[in-house]
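Each structure below is given as structure tokens.
Look at the two complexes coming up: chain A is in both, with chain B in one and chain C in the other.
So, the complex of A and B:
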């Protein structure tokens, strides 16, 4: 057998190999190959890990899913999960809280961030750089660390905030354990966390405003207030609107800080939609119901995002 | 804006306010950094003056019960690989989408869907990924975590890279194409060097996002691939909260971000601005 193999004509295979390599090379240099290499991974990931999961959630929503020894058992229950969803005691207060949280936190952030940017934009270069670095801190640190920091500072027994109040002769406040003020405390932490982000965007916006307009108008405006109202504010409208919409939609994602600070409690005082989904899915093991919640949340946020987009487009046209 | 006839006193007051806010930002970080060097008893009595000890760090890193060092490694592996993949994929894709002929419905559709996905709360997808990944045995594996992090950060990468690519003049690679450069060669030899700063900015931001992620790691990992944010959270969840170790772990977990701020502050600001305003 060995002998037979050696009698085969040898040079042909190398020739074949060469043509194969040549055609491979030609394909590698062709447009088609580049299209599939450059767009393939993106399209595949978006398709398999973002679109497919939504369909998958829809399928899960129709089932009761139980895990036993790492194997899932699916039982078809029709629209039963949807009925359970409308009766859920966590999701609906959570949705309301999320709206309260987003609207109040973001509006305070916008006002504070804008005002500070106005002030800092007239400071000298050195202090601007220093402030930028300081204000970057809360933005780039892991949100869970922000949660840990405030858990330490807001503690009822030994938190430094209560110590400080004690120095002023004020009785300690149970910031995170009192159902009446827990949501307010969480909103305050979020304001602390994200005002710097608004500040940085606004500062960049202010710095890119055309100086000529200010020079041209310096004879017409009577005071700083008029300049702000008739010139700065209209020029900044675009930046303000984009930042507002951006923060609004992103604040719907809040999860990490709430997980660490209050766990949605006491009761449903600080429950938010992300936490309801997490609880239903991972602690209560009701995947079907969790899937219904996820789909509903996706619809709400998608509607908000599309609405924001339309608003921006209309503004651009006018 | 130096041309305003502003009320000088008012300006001083507002300036003071800004510096107070900077202090309000800094103080909590200093407080937790101090807590990291306190014994539990010093934390519980919230004393300003204390003898600094290293016991929290020792327990965190060298104690047999603590997996913190291992978690740091996991975080590093997952963040670095997912960042590299995101930057490469999004740089190639945005070059093709912006600078080559692609049907309009495809490019608009990809960008629009990526942006919408970025706005959606991650937990909704994590719950779906959990069931899909458990069918595929990807729970608690590096590949599963990297895949999830790549997916969640890809929209931001795509957005940033395409913004940076728009700044590269068209003539440069059109000239390359006329000279007979293949698409791949044009991309790797001509476009990539031109968008280097943009890539660094993107990589810095994506690394920070991946390093900070808690939602995904909490639900898709267990002991073997647990990341730092999850282990910080477990200190806070135990029956007796280990504040000292929580603080020490938090302090260590901020180091990469702090280093990036010190050495790459320009890039991070650039990325943040490009990612949100444009």
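So, the complex of A and C:
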């Protein structure tokens, strides 16, 4: 039977190559290509520096890690470290202390920092420079210096604060050794240390408020309080929320002040989560348990950040 | 409503004097426009009336009461700002009601006032919006609503139209004027736009370098400018100027300029400058008309602008540039030569050195400084 011959089309390789080159050229000229080239390396570095360590922490949490002769020995223990974490005697009081520390310190810092920024923003040029320098001093001092200064000032035997109380006829107070007031003392030092940070952000926020709105309000309001309550405070809401978020996250990670002033004591009076993690990792050599603590702390801080973000988003929508 | 009186008002920043002793009496219910070039001190003067700038010298009175040491909030004035200065976190309703709320006015009355202002300014459907959701013209109306509800003694406007596009500016100009006719409130309006000044003002205060150049009705300033600065500032395009010397020969008066060219003047003009006097002759573009060869002076057309109903011919004669406004469509092109002649009864003479007007036919004209 005669079969009808069919002609197979000859592949046009030159044409295909041209199409491919054209597509490549189109991609090279597209925004997507430039986004990949410019942001790709950064995304990779970010991945290496943040995501991988967290994955590594997760891996550590499933192991008991021991060091012998300079070599680490990993023994898979499953969720044993998580069980140990829930029974830990330091972490949970530390978590409670951290919450008390963060909420108390940050609340006072927000109020003081805002007030200081209001004072400076309403000052004349000379006072403004002087006040800004004075207000910013604590934040430029290295934490080790702050620890040394306050440890001396709060010393029971020869601290200047007890000397001053002595002049007033008040008995000396063991600021850092008394379990009932040690946390309050550390909070006071943190307020002194970090209020300038709030002050700086608040001042920047106040400076960026539209001047003409204030001029308009100066014709409308009857007193400074009305201006503050109805104009300044609502306009500063965004700055206040962002500063609050910053400070909450930072204060949740407090370590240096505790390490330098009390070492977490007396007992667990000033224990905070960062100090518990430090102790578990480096003093007790229990890296697996330390990893579980770190991951849990990370989740708490992340929850705080997400909560603050939701607040900001809701504010923007409203 | 109140009168506003400024007596020898001065303002200086350190050694720099920006307002140099201004005397001004604004009548009850009058719409005054402060106009002048950038940096002339008009906004500073307005802000001094508002209480947003301190007064370095002199006395400010509103309704007969001295106001120099009275805080802005106690002067009973309302101001509309260039950028509108609306409260960004408040709705239109709250923006308008804010000043009344701060004064503890009864909520029912506030509601009535807001509704009334919203009706006057056609803002009823926008009351629950935030300022960022409004167009420029709508924001402008909200700013005016905020001023209206207070029933102030004086309304102050600081270049409120300068952020609007040309079409909206014309519309708002008319609306503000109509609003003034309705409320009859004493108003002071600052602008750098002489067209706004001419179209809106009962009387214009023309300022330059912190000094009042002329104070009068728009037509007084237009028809009888008291010096060359006023003549050049008021009118668009500006007045044409030709520097020359007055000659009287055989009963014919003329201005001799350039290399001996002459512009014939009407010898019957009142107070024609004396022969030999060096003067600046001024004439407005609409008073410069084409004429037959030999009657006027020959010019070369350098540019033509047509708006449809009017044509501006930019010409040059002996290095002197001038503009002629024609309402008829002329058959001429750039590069053509044309003979032009200024209307003999519409000429202005200014002293070449002082710039002051040489002949005065302005019985109503007032100069305040």
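Going forward, the second predicted complex is superposed on the first by the 273 of 318 C-alpha atoms of A that agree within 3 Å, B and C clash if a C-alpha of one lies under 4 Å from a C-alpha of the other, contacts with A are read in each partner's own complex, and residues count from 1 in each chain.
Methods note: contacts are C-beta pairs under 8 Å (C-beta built on N, C-alpha and C of every residue); 3 or more make two chains touch, one makes a residue touch a chain.
If you're wondering where the values come from, they're calculated on a predicted model, not measured in any experiment.
Partners chain B and chain C fit side by side in the overlay (superposition on chain A). Once the two complexes are laid over each other on the shared chain, residue contacts for A:15 go to neither chain B nor chain C.
Of the two partner chains placed by superposition, only chain C is touched by A:235; chain B is not. Looking at the shared chain after the overlay, A:160 reaches chain B, while chain C stays out of its contact range. When the two complexes are superposed, the chain touching more residues of chain A, out of chain B and chain C, is B. In the superposed model, A:50 makes contact with chain B only, not with chain C. When the two complexes are overlaid on their common chain A, residue A:210 makes contact with chain C while staying clear of chain B.
Touch criterion met: A:218 reaches chain B and chain C at once.
Of the two partner chains placed by superposition, A:267 touches none, neither chain B nor chain C. Put simply, the nearest alpha carbons of chain B and chain C end up 6 Å apart when the two models share chain A. Overlaid on A, the two complexes show chain B and chain C touching the same residues of chain A, namely 215, 218.
By the touch rule above, chain C contacts chain A in their complex via residues 50-52, 72-73, 75, 77-79, 81-83, 85-89, 98-99, 102-103, 146. Taken in their complex, chain A has these residues touching chain C: 210, 212-213, 215-222, 226, 230-231, 234-235, 237.
Residue ranges on chain B touching chain A, taken from their complex, read 1-7, 11, 14-15, 17-18, 21-22, 24-26, 28-29, 31-32, 35, 43-46, 89-90, 92-93, 95-97, 100, 102, 110, 113-117, 119-125, 127-132, 134-135, 147-148, 150-151, 154, 158, 182-184, 187, 208, 211-212, 214-215, 218-219, 228-229, 232-233, 236, 241, 243, 246-247, 250, 253-254, 257, 260-261, 265, 268-269, 272-273, 276-277.
Considering their complex, residues 28-29, 31, 33-35, 37-39, 41-43, 45-46, 49-54, 56-57, 60, 65, 70, 72, 112, 115-116, 118-123, 130-145, 147-153, 157-160, 163, 192, 195-197, 200-201, 204-206, 209, 214-215, 218, 223-224, 227, 232, 239, 242-243, 246, 249-250, 252-253, 255-256, 259-260, 273-274, 277-278, 281-282, 287, 290-291, 294-295, 297-298, 301-302, 304-306 of chain A touch chain B.
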